[in-house]
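In what comes next, chain A is part of two complexes: it sits with chain B in the first one and with chain C in the second one.
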Partner chain A sequence: MTDSVAVSGSLRNRLMLTLIGGAAILALLVFFAVRNYAVQLAQEGQDNILAASATSMLDAATFRDGVVELDLPYSAFSMLSTAADDQVFYAIRQDGAFLSGYADLPFSESQMFQTDQVRGSDVRKISVSRTLIGANSRTEIQVVLAQTQDALSETLDRISRNAALLGIGFFALAAALSFWATAATIGQLGNLTTSVTRRGPQDLSPFAKPVPREMAPLVTSLNSLMGRLDQSLSQSEDFIAEAAHRVRTPLATVRSYAEATLQRVDKEENREAMRSMVKAIDESSRAAGQLLDHAMITFRADHLELEDIDFVDLVHDLVQRMTPIAEMKDLTLTLKGDARAPFSGDPVLVQNAVRNLIDNAMKYGPRESSIEIEVTAKDRPQVTVSDQGPGFPTDEIEILTARFQRGANATDTIGSGLGLTIARDVAAAHGGEVVLKNQTGGGACVTLSL
Partner chain B sequence: MRYLIALILCCLAQGVWAQDWEDQRLFPGASATTSLRIISSTDTDLFAPLIETFVSGNPDVSIEYFVTGTADIDRRFREIPDAFDIAISSAMDLQLKLTNDGYALALDNVPHPDWAEWRQSLFAFTAEPAAIVINRAAFAGVPIPQSRQELIEALRARPEVFRGRIGTYDVRRSGLGYLFATQDARASETFWRLMEVMGGLDARLYCCSGDMIDDLTLGKIAVAYNVLGSYAEARAESQNVLEIVLPSDFPTTMMRTAFVSKASRQPAAAERFIRYLVSYQSNPADGVRSLPSLQESEAGSKRAAIALEPALMTFLDTLKRNKFLTEWEDALIQD
Partner chain C sequence: MKFLLVEDNIDLANAIASRMRLDGHVIDHAEKLEDASAFVATGDYDLILLDINLPDGDGRSFLEHHRTTDLDTPVIILTARSQVSDRIGSLDLGADDYVTKPFDHAELEARCRAVLRRKSGNAKTTIEVGGVVFNPVAGHLTVGGEAVTMRNRELRLLELFLNAPGQIFSKNKLADRLFSYDEDVSDNAIEVYIGRLRKHLSASDLRITTLRGLGYRLDHDG
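Entry: the complex of A and B
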């Protein structure tokens, strides 16, 4: 049963990997999107200021009597002040001829905004021009204005840092969420596994607890599998019960014929054969009886009918009924213990279980010995049956309650190996247990508690 | 004969060299291994205590200190950038333009307020308001003018007293004078009226604050406009004669600035000097300064100094400068 299942990959890992991988990609996308947008905005901001400044310079130009005057406004450069103290370069030209500023700053006809290099520094450059019209001539004033990008790159660094933090935060959150989502999803499978594991050995009823829709097909298949299993099990139980019943009646007939024949046969070797025959018939008959009992118990344990009864009365009744059989084998049954032990259970089952225990004790107890039956009701009702037989083989004490399992020292005694199994199943159906022990003075001691 | 020629040449060179500078002095370090060359517009007397403290704390450095006008500093520096390790000037606009044009070395992590430095290259270390300095004798029994407007009225009231006895910077020659004039002109129209009044009274034009204060102390002139009050205060002998008035209408406060040349051959020692200069001038607590500290301007927010920003370059524009000088000459020189 504990054979390892062939495992290929992990659903949890696959789910986590997919979710976290997705989160990482999204976080990267967020980072680059925010950063690109910020770069664009920051560049636009600088361009706007450069344009405003250059325009104010152009506006200050006047053309009078063929002479250009440009009264540079103080604000033109003032507005270019930045936190990073960016350098400013400019050049004013009239029809291409240099007027003032930095002569090494070329005017660009084609591009208004340019990223360029001036005196070893990266700058953003704007080139604008304006045509001035005088009385009988016209002239073009060109203004080139350039500013380094230290403040811009500081801003970008800051934004990049923030965007990175945003991305990392997003990723961490998404990773935590995917942990949670994975655990919640896999948890449902775990729940199902637990409820399958927790089931009693006989419980083959369908699962009634609601499960997520995706797991419904699995549970439906499981339920139908268990239904079929249950059906085939009960069929085979029925079959066994039927077979045992069919066998027992003819066996009784055969046994009575054999007994009768035994009386009439004189020859010692024939008598011996007949005795063996009777013994074998007894064994078969007993096995058939126990198989029937077991089938009955299996059925009743599934549909337990509880009644309030007194355990002492029940055992007392049983001992009275079994005393004649015991006397035939020269055994004494002694009942002792508490006066009353009320409990709630199925009397038929419990009586059957106790009878099997006493039966066992009578089987293994030597002639002219006594069997002690003690009923107590301390924390829970329990009956202890002790005999003076050989006791249990110590190395097999754990497995003796299994079906058809017999002790190594019981080969010459009639028995099916079902007695202890029946007692155990009854105890389990009532929430109790069967404990096997060997007495210190010799002999077996079986305690059935409910 | 050869010795004679050598001697003559030597003397000649010395003479030429000496004539080139308003002043020059060597501050030798006790165990000097490096030599810093500082070009400055600040009078040696005012700066000497500061350098002496530095040299005594850094005996491995000796300092050669050259004094010249602000415009001259700009010209010399642009000609030979590696001739000097440090440039100190009161003409903020020229200093800023030199920095903007890439002549200054950026120093990392100099502890200095943001408004007092530019590009971590140009460091302001004093705050000095432009003042009206008056010879008390000329105003005996008359209230001393406290603003430009009052000065205009006082000059108009007694033209006979002030004719030829008013002094101000010749802004064509002095970088600091040009800075003060342009900033005044930006602030108020009063400046132009004052210039016209001064022009009408045949104002005398000076290259430097020192000369103006000399003449003022001697009584050659009665009023000097836009002089550095710090220079007047530094003259002990003129304390009783002169009255320093900080115009109450609007202040014009200059910050003296320094930077390390990008072409400096001793950048480490130069940086050490700048750090020392900045921290020395930022802590007025430990003793009297020969130069006003930076903190004094920070405390009195009303006397906000001229901002260190690219806008200072506006009036250095050739077209703008020509226009301004034309207007200035029109107002002041009425021949």
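Entry: the complex of A and C
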């Protein structure tokens, strides 16, 4: 499965972008909120001091005999002194007539506090008035007091810096949390992927490990998909077995009848026809059988049923079982080699593979010859089957194990060429290989190692 | 040899039976376990070929029951599929061998011979003629009291001749009986086997005559 999947965006990136973007916006909001609040507080502080100062100036005014006396108290100015040496401006008017201070500082009727400009400097200005009542008259004293905002803007700068630091800190923390949250969330998907990958193609059992609720539907679908796959795999195995059986049984019937008829027919051309018939039936029956074997092996190679077996025992049983058939052809099967070769493998597959090798040797071995089967367990268990036949064509040894490939000198011998393929597939499923060689004295020599 | 074939597929059973009759065997055919029990009760069989799936039961239970009363008659199981567990079960229950259906007749014949040889010793299978004592099942031949070792094909060739004394066998007919159809058989190969058989029989009263253009015939001197 090397088909690449069409990728549209990344969940991780999307999640990260959302979380970090959100964190950035929140950090900016925090920054502005803190700064605005600080500005407001600082402004209120200055306003309060201005109000207190202006009030004390008004309080100092007395009205006696129609004359206003105003002795500006020292405290009124001292309370306005700041670390930044802010300038202070004032103007005092009586009923709109300028009395003292800076004449260009206008009184505002409408707004008590104002931010204004005086002589090129930004100032905060307060306008207050007080009505003084004498014996027979009344007069209104107006006080305008203004102070530059150098100290305030210094404070504001400091507060802004701190607010910015706070915002950055908040952002950094939120970003770290987003990384962690994203990794934790995506990690769950990663875990699922790992467990799907690690189990490989053989395991089609459902996932049992608990997953987060959000992933449950995905895992449920995955499980049901695997269930269907498993079912269809075993169904196709059954189907192939059934099909091969249904093909081979009538073939066996036809073959037996053809053989029986052959014994009664005397005319040579009819006999030749019957012989060709039996040959063709043998070929199809064998091909059907090997297709079944091959299908079974392809299926089981993905579902290896490993058992601890002794390779020598297995081959010994097989040789014993095949001896009657070899005897009919006056072939001798000899088994030699080590006494024990324990290994872990699928006995059904291994038996099938070795049987195919011996089958081949019996097919190509000349009459009344001997087939040598040697089992050794040196590095790994291996069986070598040697016959005294014509051997492999030297230029075809490489490609011979490919499916349906038969040697050029095998045209007279029945077989679909699947035997070596089966042996090779079984060896591969057990991490081994099949090596074809020609013996120096003639004859083929096939080694299957596991 | 007398065989009992228990098989419910009539086509297959007929095919097996007609092929075995060619080899000179007597075949009784039972389609069900009930019939098989009746046959076993009345006949004395040399070998039973037993299918597993039968309309009135499992062949293996029949085998198990059969083994409680008769320990000698060899049984070869005909199984539909090469299931390992099936095989082990059958052999444990006392089957002597099994063949996986569908099988080549040559394989069935080979297995029957092997099982019979293992179990043999029955004198009734012995053929005595012209100074020759021949046990086709065990593959024993004694000529003038001396044992002769024979290869499988020589043995089957002698069996063919002894089963039909006086009959003429053409080279082709002999080749068809001795070799499998995928083998390339030359006329020379038959001559080689005839030559060996003549040598084995040289001390006896039996003689293989060559009839030019027709084939071979086994004759009995005197």
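Criterion: the second predicted complex is superposed on the first by the 236 of 450 C-alpha atoms of A that agree within 3 Å, B and C clash if a C-alpha of one lies under 4 Å from a C-alpha of the other, contacts with A are read in each partner's own complex, and residues count from 1 in each chain.
Following the convention adopted for this analysis, a contact is a pair of C-beta atoms (placed from the backbone, for glycine too) under 8 Å apart; a residue touches a chain by one contact, two chains touch by 3 or more.
Quantities reported herein were computed from a predicted structural model and do not represent experimental measurements.
Student: Based on the superposed arrangement, let me know which partner A:Gly9 touches: chain B (first), chain C (second), both, or neither?
Tutor: In the superposition, A:Gly9 contacts neither chain B nor chain C.
Student: Counting only touches as set out at the top, which of chain B and chain C does A:Pro217 meet: first, second, both, neither?
Tutor: neither
Student: For A:Arg248, is the partner it touches chain B (first), chain C (second), both, or none of the two (neither)?
Tutor: The answer is second: A:Arg248 touches chain C but not chain B.
Student: Please work out whether A:Asp85 is in contact with chain B alone, chain C alone, both, or neither, and reply first, second, both or neither.
Tutor: Touch status of A:Asp85: first partner only.
Student: Applying the touch criterion given at the start, work out whether A:Leu70 contacts chain B, chain C, both or neither, answering first, second, both or neither.
Tutor: After superposition on chain A, A:Leu70 lies in contact with chain B alone.
Student: So which one touches more of the residues on chain A, chain B or chain C?
Tutor: Chain A has more residues touched by C than by the other partner.
Student: Touching A:Met328, do we find chain B (first), chain C (second), both, or neither?
Tutor: second
Student: Once chain A of both complexes is superposed, is A:Gly441 in touch with chain B (first), chain C (second), both, or neither?
Tutor: neither
Student: Touching chain B and also chain C: which chain A residues?
Tutor: none
Student: Quick one: which bits of chain A touch chain B in the complex? Just the residue numbers, please.
Tutor: Within the complex, chain A contacts chain B at residues 69-78, 80-81, 83-89, 92, 99-101, 119-121.
Student: Using the touch rule from the top, collect the residues of chain A that touch chain C in their complex.
Tutor: 241, 245, 248-257, 259-260, 262-263, 266, 268, 271, 275, 278-279, 282, 285, 323-325, 327-330, 347-348, 363, 367-368, 412-414
Student: Which residues, counting only chain B, touch chain A once they are in their complex?
Tutor: 100-102, 114, 117-120, 186, 307-314, 317-320, 323
Student: Hey, which residues of chain C end up touching chain A in the complex?
Tutor: Residue positions touching the partner: 9, 11-12, 15-16, 18-19, 21-22, 80-81, 84, 101-107, 109-111, 113-114, 151-153, 170, 172-173, 176-177, 180-184, 189.
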